[in-house]
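In what comes next, chain A is part of two complexes: it sits with chain B in the first one and with chain C in the second one.
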Partner chain A sequence: MPADALPAADVVIIGFGWSGALIAEALSAAGLGVVVLERGPYRDTASDFPPGFAPDELRYAVRHDLVVPTAQNTITFRNRVGQTALPVRQWGSFLPASGAGGGGVHWNGQTWRFRPSDFVLRSHLANAHGHDVIPSDATIQDWGVSYAELEPFYDRFEYLAGISGRAGNLRGHRQEGGNPFEGPRQRDYPTPPMRMTLAPTRFAEAARALGYHPFPQPSANLSEPYTNSLGVVIGPCSYCGFCERFGCGNYSKASPQTVLMPALRRRPNVALRTGAEVLEIARTPDGRHARGVRYVDADGIERYQRAELVILAAYTFENVRLLLLSGIGQPYDPRDGSGVVGRNYAYQTTASVQLFFDETRFNPFIGAGALGMVVDDLNAEGRDHARLGFIGGAHLAAMQSGGRPIQSRPTRPGTPRWGGAWKHAVARDYLRNVRLGASGSSLSHRGAWLDLDPTYQDRHGRRLLRMTFDFHANDLRMIQHATDRLAEIGRAMGPAEMVVNQRHGPYSVVPYQSTHNVGGAVMGPDPTTSVVNPWLQSWDVANLFVVGASSFPQNPSYNPTGTVAALALHAANAILTRYLPAPGPLVPR
Partner chain B sequence: MLGLLAALVAAASDETRAETPAERGRYLATVGDCVACHTAPGGTPFAGGRAIETPFGPIIAPNLTPDRASGLGAWSDADFLRALRRGLRPDGARLYPACPYVYFSAVRDEDLLAIRAFLATLTPVANPARGAGFGFPFNLRPLMVFWDALYFRPAPFVADPGRSMAWNRGAYLVEGLGHCGACHGAKGALGADPEPGVLGGGRVRGWFAPDLGGDPRAGLGGWSLDDIERYLATGSNGRALAAGPMAEVVENSTARLTMADLRAIALYLKQDAPLSQPAAAPSPVPNGRIGAAIYADACAACHRANGEGVPGLFPRLAGSSAVQSARPDTLITVVLHGGRAAATGAAPTGPAMPALGWRLDDASVAAVLTYIRSAWGNEAAPVSSEAVRRGR
Partner chain C sequence: MLTLAEAATLEAIVDRLIPPDELGPGGREAGCALFIDRQLAGPFGRSESLYLLPPFLDGTPEQGLQSPLTPAVRMRAGLAALEAHCRAAFVGRAFAALPPAGQDRLLSEIEDGTRSLAGVNARAWFDLVLQMTMEGFFADPIHGGNRQMAGWRLIGFPGARYDYRDWVERHGAAYTLPPVGIGGRPGWHDAG
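Our next item is the complex of A and B:
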């Protein structure tokens, strides 16, 4: 042990995003001594997001102030074997967060539960349509946890965060105005849906006329004030339109800062160390037991934090990379499909439709990250997609997330890129445009994985993570179908002009698409196809839990935060009720 | 791993009401909020070293731990009583009235000695820092004899037999250990505290400690007993959020008192604090439209267009006594420099008001404050640019 080892903690948590913060809350409430190591800076609403400069679009949306600097940490990327992966030097397709609160600071707030069938995707498809509908190179699998098991933890998260929405399925009874396709929930959302603006309202009317079932997007931008079970007050959203890529200055977007930190700050058994970048998870000589973590602190000094339990709760990329760098678990080998760490990386498949109207004004400056109406009919259970030549699905939405001054300048095709005609078009179209989005699922497949780059290293001399990814043909067929349906709804809204932005391959890491990178340390009931068991406990190191969307075996169409949070709370509960009374593997290997 | 299990089963020990004199003394020291002044920022509680700002210069609060050389270790009980009752150190030197001994003369011997018993249980800390950075002539402690002669009337508390036990308990706490008047009373020219029982509001560190009398606008006239209790217990009651110096008082002291004592304080403040002068009659509002426009731009997102705020998060401005106080010091300080509300176990949020001084000039701050002091049924005198300038 190094001479400068710090006093041992009961638990050390790597990363203070939603996962780390929720687990810190649950374990510290039970009396455990918790140390949280966060690689980025400390941030709080009062000190960092006063409304006078929280909506600084240049700083946050253009220059990515809440995103990890690529000089500190990045990935390399290639589409397929045979190419040389190159480092991402400016984030584009996705924006991995850094700093206290993690992605929970700059998310939009779209809060979903996955459908019951999502958790048993392979067996569901096989039972419903036969094994043949699953592409031979797809590595999709069941999660090893059911919706029913996660329901109490979805509920707990929604009630900590105050989520605004309307139930569609209360204990099996369908509710008017909610999502008719959702799994049964034990009670309604803690706060009612947000107030709708014109564009989502028109979208919902058009969708309904076409036979769909639109409902308000469940939102972490709260419709009304809410006090959670920790006594923390969350404010009502002011519809300012600065959510995605921004911290909320109004205490009205659920984030670790607004939901958990005021309570954690009062607990003497929780310590948050920011600027602490973890280098490695240290283990006993037999490799079976984690002893703690080595990290570099804010002053650049290497530290060693011992702990009885290690919770790896960083972003998907760093979860996988730290496992690989620490030599925990067998790395995935795409040549023969053996190994697990890095296997089943998946993304999301997105497209959009832009509508331009001549007269109707939609006031896009009113907005919120999760303000909108959604149609969920096109997801897996709703229609027989196998007949159409694909599996998976998408949800369609009109989100009014904010017409911000720098980046929101949509103009019609043929408009000059600058000059008087451009200014005229911007002035005409700013108020009169509507963007509709399709967000689709992503198959995990043999050709998509994460490993360590053979060439590029970070500032500590550690190899960068390498991503090998392209859209599966199945997913491109799926999103084309969904985008066609989206365009039908758009056309029914009666625009003067419509632009359909279909998604084509190959995948590019440059234009922004989604920060829903999942997999690589996936969960499951079988140690030959998963890194962690259904309680997110490492199959190889019993006192290590790996938490986050890295555990998703594949990606449904939905935003992941609700499920990430439910899985974290489910894991925390297993630690308290199963692991601590009998430390060791919760599932025999 | 056994340690983990032990931690899980170890029940948090509830702090119950004091039994021994030392435990009683810990509670009474909390009532008196001794820790607030006698702890340096980041320092050991009660070990002294904090500089208390006074109009005459800073005073370093001395060490109360039982260190013999620098603390109270060598003091006798009689020394302790004499210091708190009469403002005299064992060496005969006079204390400056930053220490509210004026109030403590109302406290019973047994209570003061309980506090002493509690302080004697602390771990001794050597911290000799003390003294005052006063300019001449206030740096001459012997001159305090004249101040005392002018302003100090040691007066033991006398219960009013015509009142309830609770009322008398409230009076004893407010006028004694609680020393509420040290901030909420108007100080005289030489830092003299007001007459006991007069809590008409006073200035402290750039804030205005509001009138605690019965005025329906600027005082507690519109507050119920429950409002007062909840405010003291949590720092937040839907009408107001404790901020500035009062946030410290709530966090260190009132949030830790028994509900019975808070009810007693509320009874005393609410029913029998003398009615103060009504707030100044409103004058015509200058720049009303400018103030309203600035409000819509810079304030309404949180405090809402109708000034109702959000309970527990953004203070209500409509009908607020802080907004309608005779003096606008608190408003000016909060708008220019921001502020953070108390965070307590029951109300942990601790929301903050951002500083706006960097983006609003004096005239704009004056206009928006004048607006909120006259909008939604509020009535209070306009705020001048000059007053804002002095607050920068």
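Our next item is the complex of A and C:
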């Protein structure tokens, strides 16, 4: 083995985003010695995004300062078999993070719980509508964990992060003003909803008049100061308009930095090594047990970190790639549907409607990543999918996340891209436009998977991950339906002009859509269709847990972070209460 | 990074993409060319963070940029090709010496693909120039463009204010404070 073996740790965690940080917190609190390896740089509020230069749109939003450089790590992409996958040389459709805090630094903060039916999607659809509503090539499946089992962990995350919102369902009782379609929660959000600007207010009025049930987006941009159970104080959001793609200079967006790091820093049994890029998970000769990880440190020196327990908690892509590069689990073969690693990649199906007003000022520069009003009626269980001709759904929203002018200055249809006419149009339309969004679910299906690219390699000579993906026709029908409903709400808001941006195929990696890439190392009760069991423990290597949205068997419409966090805490709890007392498979294979 | 001649061409282009008029300064006065020069000289211009390992193959539009050429190289090649075209087509005159209407016509033809330029992908080059000009007009002034916050003043963006708690619920109100950048605002420095 490599030259430089380091003292063994109880636990080595790969990746210091939300998943890795939450598990590091839980396991170190129980006294375990934890080493965290993070491929990107160390980052903290005061040193890397203080208010003085945090609001730099060019640096963070356009030049992607908090995103992993493609030179370090990228993927290759093709729409379908028969095409040659080519590397994503410049990020577009999604922005994988790197560095301490991971995507938790530059997320918007839209914090959802998935619905009870989401966790039993296939059986729910089959029971409610019959097997025939499920497309024959869809590989959607149940998660092997129920909403009720996850509820305490959703609750724990919301109370660590101080999430601002209004309950819609308290222990089975409907609550006015919250999401009437959410699963039952044991208590209300720790902080009240954010205050609303004009656009979401008008959106909610129009939606209510059309019979929908709008509610404030649950938000990790906090409406008021909050002290969590670790004694960490999170500040109130200033509605500055620099959330997504930015770190928060105000300590007011929940992130590993604002929620966990001040507590972790005081614990001598946690070590965070940044600039540490893991090459491989090393195993015993029989392949059944992980011995540790090989990584390249910040000085380019290869190291070997032994550990009793390995937690793979990188982004979706790197979780799947490290499993494939390490030879753990059977790779998925789309020709016959065998194998599991890389199976069930899914995305998010999005669309939007742009409104232009003649007079009304909406002041889009006021904003926060999760400031807005949402309609969740189109995800409702009672919908007749046989009649609609699709499964899945979308939520509709007026999110006012900040009108940063390099990237957000829409003009009316027919406006040239430059010149005097453009200048007059942008001067007229900037303050007076509203964007409405539809965020829809994504089926896992046979034509969407992840494997290793046959040609392209990273700077260490390791094969890149290859994505084969296109939107399923079901999802395009679903989002068209949702966008039509969104346009009805938009029209009711009384704009002078409206542009409906329907989503069409083929999927492209160029325009930004969503950094909600899921699946590829999915969870489930059956080792022939999942990589990890319901506690996110590898079916093949009992002392390896694979944590993150890579475990989602398909993607609901909602933003993933709340569920990623709940699953991480659920896994940490299983490690402490089930695995450590009797190390071995938690579910017999 | 750019030579004086290249800069003169670029100054003329950015002033047609964002012309000076009764609404305010154009791209030249706003410093868009200086912004572009600085960006091209830095990590962006060198594609420092991009995956540039071969093979380079022509892909589908859905697969995105596949060129090994950096923005600095592409910008220079396009400026040279534009000048070569102008000197051939307009009896030795430089782009900057053409009348504004002629400059606009030529830029429009490049934009819509009816005018090719020898040795370069003219449309892609135009898109690069337009993208960077707009970045320069609307980015924080610390990057060299958006001088006197001309871009922000045009549209009513208050810049790096970073706190709108008092304005969230003032629905429809005109925001009254002047824009401020990461480095302050003109009034702070002019007094000294």
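Throughout what follows, the second predicted complex is superposed on the first by the 585 of 589 C-alpha atoms of A that agree within 3 Å, B and C clash if a C-alpha of one lies under 4 Å from a C-alpha of the other, contacts with A are read in each partner's own complex, and residues count from 1 in each chain.
Everything that follows uses one rule, which is that a residue touches a chain if its C-beta (ideal position, glycine included) is under 8 Å from a C-beta of that chain, and two chains touch if they have at least 3 such contacts.
Please read these numbers as outputs of a predicted model, since none were measured by experiment.
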item	value
Which of chain B and chain C A:Val232 touches, first, second, both or neither	first
First, second, both or neither for A:Pro51, with chain B first and chain C second	both
Contacts of A:Ser508 with chain B and chain C, given as first, second, both or neither	second
First, second, both or neither for A:Ala298, with chain B first and chain C second	neither
In the superposition, chain B vs chain C on chain A residues touched	C
First (chain B), second (chain C), both or neither touched by A:Leu576	first
Partner chain(s) touched by A:Ala148 [first = chain B, second = chain C, both, neither]	neither
Partner chain(s) touched by A:Gly249 [first = chain B, second = chain C, both, neither]	both
Contacts of A:Ile366 with chain B and chain C, given as first, second, both or neither	second
Touching partner for A:Cys240 - first (chain B), second (chain C), both, neither	both
Set intersection of chain A contacts, chain C complex versus chain B complex	51-52, 236, 238, 240, 249-250
List of chain A residues in touch with chain C within their complex	51-58, 62-64, 69-71, 74, 77-79, 83-90, 92, 195-198, 201, 236, 238-242, 249-250, 360-363, 365-366, 403, 405-406, 409, 417-420, 423-424, 426-427, 430-431, 455-457, 459, 506-510
List of chain A residues in touch with chain B within their complex	10, 30-33, 45-47, 50-52, 225, 227, 230-236, 238, 240, 249-251, 262-263, 265-266, 308-309, 576, 580-581, 583
Of chain B, residues touching chain A in the complex	1, 3-5, 7-8, 10, 12, 298, 301-302, 310-314, 338, 340, 343, 345-352, 354-356, 358-359
Chain C to chain A touching residues, read off their complex	16-19, 21, 23, 43-44, 48-53, 55, 57, 59-66, 104, 107, 111, 130, 133-135, 138-140, 142-143, 151-152, 154-165, 167-169, 171-175, 182
